[in-house]
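Data block below; observations after.
Each chain carries a letter (A, B, C and D) given by its place in the written order, and its residues are counted from 1.
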Amino acid sequence: MSRARVAGLKPALVLMVICMVFSAILVVVHDLTKGKIAEVEREEVNRALSEVFPSAEFEKIDDYYKVFENGVLVGYALLGEGQGYGGVYGGEPIKLVVGVNLDKTVKSVKIISHSETPGIGSKIEEENFLSQFSGKTLEDLKLRSDGGKIDAITGATISSKAVVDIVRGEVQKIASEMGEGR
Amino acid sequence: MENLLTIAIGAILVNNIVLTRFLGLCPFFGVSTRLRNASMMGFAVIFVMTASSIITWAIYQYLLIPLNMEYMRLVVFILVIASFVQLTAIFVRKHSQRLHRAFGIYLPLITTNCAILAVVLINTMVKEYSLLETIVNSVATGVGFLLALVLMAGIRERLDLADPPGAFRGLPIAFVSAALLALAFQGFGGMLL
Amino acid sequence: MKEGTKLVVSPSPHVKDAISVRGIMSAVIVALIPATVSGIYLFGLHALAVIIASILSAVGTEFVALKLMGRKFVMDGSAVLTGLLLALCLPPTVPLWMPIVGAAFGIAIGKCAFGGLGHNIFNPALVGRVFLALSWPALMTRWVTPFDAVSTATPLAKGFGSVPIFDLFVGNVAGCIGETSALAILIGGAFLIAMRYIDWRVPLFYIGTVGFLMLFLGQNSILDASDLDSLVEVGKESLFHMFAGGLFLGAFFMATDYVTTPMTKLGRIIFAVGAGILVVAIRTVGGYPEGVAFSILIMNGFTPLIDRVIKPRVYGTKRGFVGGG
Amino acid sequence: MRIQEFTKGIIKRNAVFSLALGLCPTLAVTIMVENALGMAFAVTFVLVLSNLIVSVIKGFVPPDVRIPCFIVVIASLVTVIEFIMRAYSPTLAEHLGIFLPLITVNCLILGRAEAFASRRPVADSILDSLGMSVGFGLALIMVSAIRELLGSGKIVIFGHEIVPTVLSSPAVAMTLAPGAFLTIGILLAIMRRFRVI
């Protein structure tokens, strides 16, 4: 190989070596943190689930959880998320957990995280708004302006609607699951 | 169809990448002093954004996911964007003098335009769009960038004739103008189709 | 379209003459008297207090800002007008610190930072209003009925059919201090048009666009109308959207501002139609019940571009391209 | 090794206010001081390490592939800090959202690698990057303190109320996009007025 050929190859080689070295570093760091990240996420899910069903056990089935208390099935829990008023890019979606009773009515709803406007949309976290969901059936789970039974928060229709839509979607999952399964 | 329209309107107006989402600010303030330059930069961004979105989408779907290497995405995506920009620059220089004169100086700047990497990440990691949705989102985001840039350039050209207090001249008044433009764009907030 | 081109006052950097400015400003303030009086009559003395607070804050802020900038303060009436306009588009229930903050924000950020009258890109009163609306949405949406001040929602929030069209026209509905009475605004607006201070095309195309689009996009669409009754309903809904909210106030007094709207006739028509489309978009699919303030602010942002396109100007040369399109 | 390589980045050549670099995160994450601290920490990590690595490898890297090599280094470091934050500070990682991976294209980092670290000795590069990081962090904290105070009425950092409620009805607009642009615009004007920068 002539010197010129080698010189021509050098940039590519250097880039390749650097890529390989740093890929290796990434693989190592990924392996080291993988377990911890998964654990953090699991903990977060567990904390969220026990918000709606304290002192119960959960069994993960596809995208929902069966909830057992002393070995007896008492309901279902689902993690839902969707876009609220706080947007796509910097803002996080609304994340919530829905507890569903065996009769397919809502047990309760808890917001895990959101990036709605402080003081307005952020009221979706408050009990005044969330307590409305308890006992509602799939048909009721719409804003009153859309023919349902949930009152929107004044000045925060978009955030309210987002929450209602997420909850309805999750309850729908359970409803269709139960309709088909048994 | 409605979904695609929602994505498009969302990316152009509601979540305008510059005025609501704070991305691509360096070119937004850097290249918005003249309308001509601003529109050229805008078109260059639309092109690069769309093309690199398609490439990275394919790499993500058919390489990274099957290999379980999603964690390599940043390195891979930024390399793809950088080399794509480089190749485009070479291609343009070779084949069209006119395009080269128009876009030549903007292309290298685009590599570090965070809007490009952001859109690519949103298409794959955040939203998990399909190819069609990816294309629509990328084009619309680029159009939103162009719109913001052109509006800003119009304002700044007019400000050349204005007489702001000394401390506000240049960048500060550009920021204040952007603030008021963003204030107006809040009117699109929560728009649903 | 050659007649009616007597509008001699060209916008932006050219308005330098304090006397002519003062003349225009006083005329506009005079034209706002019917709306102001009707607002105080409908919503009581607190409305008057809001108006006074707003005007004082606007003038005070301009005075301080100009002193800080080392420039001479001229009482040209523009700050008074900004303060008055801002107060007229605030709900009658706002605490008094809100007009003060809003007017100060509008004048300081919307006007003085750009170099004062003639240089601002955005309408200062609307800058103040939108800042208040985004900052304190709950306080900015507390509406009361006229005279007895019972809490209620605006006709736009309640939707078409909630109030008789005649009440909307005379202003016997909930809303901002100076926006409810289309009649009072129309009187002042007619005066300004007769005096050739504002271009009649702007309110006509602005309100007309909203009315026209609402024939198709309201709850009752003209496309679905089968008999005369349903056609009447469509017409009524279109009228509802023209009279409701701040459209008249915006169309006659804000979209006609010399400084922040296009210079040419065609440009102004584009501005008005664009603003009309935006109002309809925000009202029908947007996140807010009303979109007049946003629509004008957004079109303010487009104004430099409209002027560029409609009145091409080669650098270093002066083209004799005045008016028309 | 000169100490002014460190101090210059803090005020005189401040990344945000003087060089107008790294604007996107400065506007986007400064809703809360907490987020600003997280972003400042992540940027410091990437900036210092990338300057160090670039300065060390600069002798071996041919000019044709200099930029791609730097980008690979930076992107890898960003991925590393992203993993670390997701493992040990998941809430903060979630708050920073997409702006965490976007540190890769923060022009401040590539700018320093290209303009400084690739030409200077290792020690100077580290000082420069530390100074730049401190300046960037200070700018972020300043902007976020103003926005959180005016927009939320109080300042809460990791659950501790640093500044108690001073505004009972805060101006929410300050937490939105307009507030971000405005805060920086006015800060810039004030700094120019008093010739700080």
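Operating definition for what follows: a residue touches a chain if its C-beta (ideal position, glycine included) is under 8 Å from a C-beta of that chain, and two chains touch if they have at least 3 such contacts.
None of the values given here were measured: they were computed from a predicted structure.
*Asks:* Show me the overlap between the contact partners of chain A and those of chain B.
*Replies:* C, D
*Asks:* Which chain is most central here if centres come from C-alpha coordinates alone?
*Replies:* B
*Asks:* Give, as an integer number of Å, the spacing between the C-alpha centres of chain C and chain B.
*Replies:* Each chain reduced to its C-alpha mean, chain B and chain C end up 33 Å apart.
*Asks:* How many angstrom between the C-alpha centroids of chain D and chain B?
*Replies:* 21
*Asks:* Quick one: report the Å distance separating chain A from chain D, using the average Cα coordinate of each chain.
*Replies:* Centres of chain A and chain D (C-alpha means) sit 29 Å apart.
*Asks:* Roughly how far is chain C from chain D, going centre to centre by Cα mean, in whole Å?
*Replies:* 41
*Asks:* Indicate the residues of chain C shared as contacts by at least two other chains.
*Replies:* Each of 109, 113, 131, 134, 137, 287 in chain C touches at least two other chains.
*Asks:* Quick one: which residues in chain B touch 2 or more of the other chains?
*Replies:* If we look for residues of chain B contacting two or more partner chains, we find 20-23, 71-72, 75, 79, 118, 122, 126, 165, 168, 173, 176, 179-180, 183, 185-186, 189-190, 192.
*Asks:* Taking each residue of chain D in turn, which ones touch at least two of the other chains?
*Replies:* Within chain D, the residues that touch at least two other chains are 28, 68, 72, 76, 79, 83, 98, 170, 172-173, 176, 178, 182, 189.
*Asks:* Can the chain contact pattern be summarised as a line, a ring, a star, a complete graph, or none of these (other)?
*Replies:* Chain contacts: complete, every pair touches.
*Asks:* For chain D, which residues are in contact with chain B within the complex?
*Replies:* The contact residues of chain D facing chain B are 20-21, 23-24, 27-28, 67-68, 71-72, 75-76, 78-79, 82-83, 98, 101-102, 104-107, 110, 173, 176-182, 184-186, 188-190, 192-193.
*Asks:* Which residues of chain B touch chain D in their complex?
*Replies:* Touch list, chain B to chain D: 19-26, 29-30, 71-72, 74-75, 78-79, 82-83, 111-114, 116-118, 121-122, 126, 165-168, 171-176, 178-180, 182-183, 185-186.
*Asks:* Over in the complex, which chain B residues touch chain A? Could you list them?
*Replies:* 10, 14-15, 17, 20-23, 71-72, 75, 79, 118, 122, 126-127, 189-190, 192
*Asks:* So in the complex, the part of chain A that touches chain D is made up of which residues?
*Replies:* Within the complex, chain A contacts chain D at residues 10-12, 14-15, 18-19, 22-23, 25-26, 29-30, 33, 36-37, 40-41, 44, 89-92, 113, 117-120.
*Asks:* Chain D touches which residues of chain C in the complex?
*Replies:* 101, 109, 113, 131, 134-137, 139
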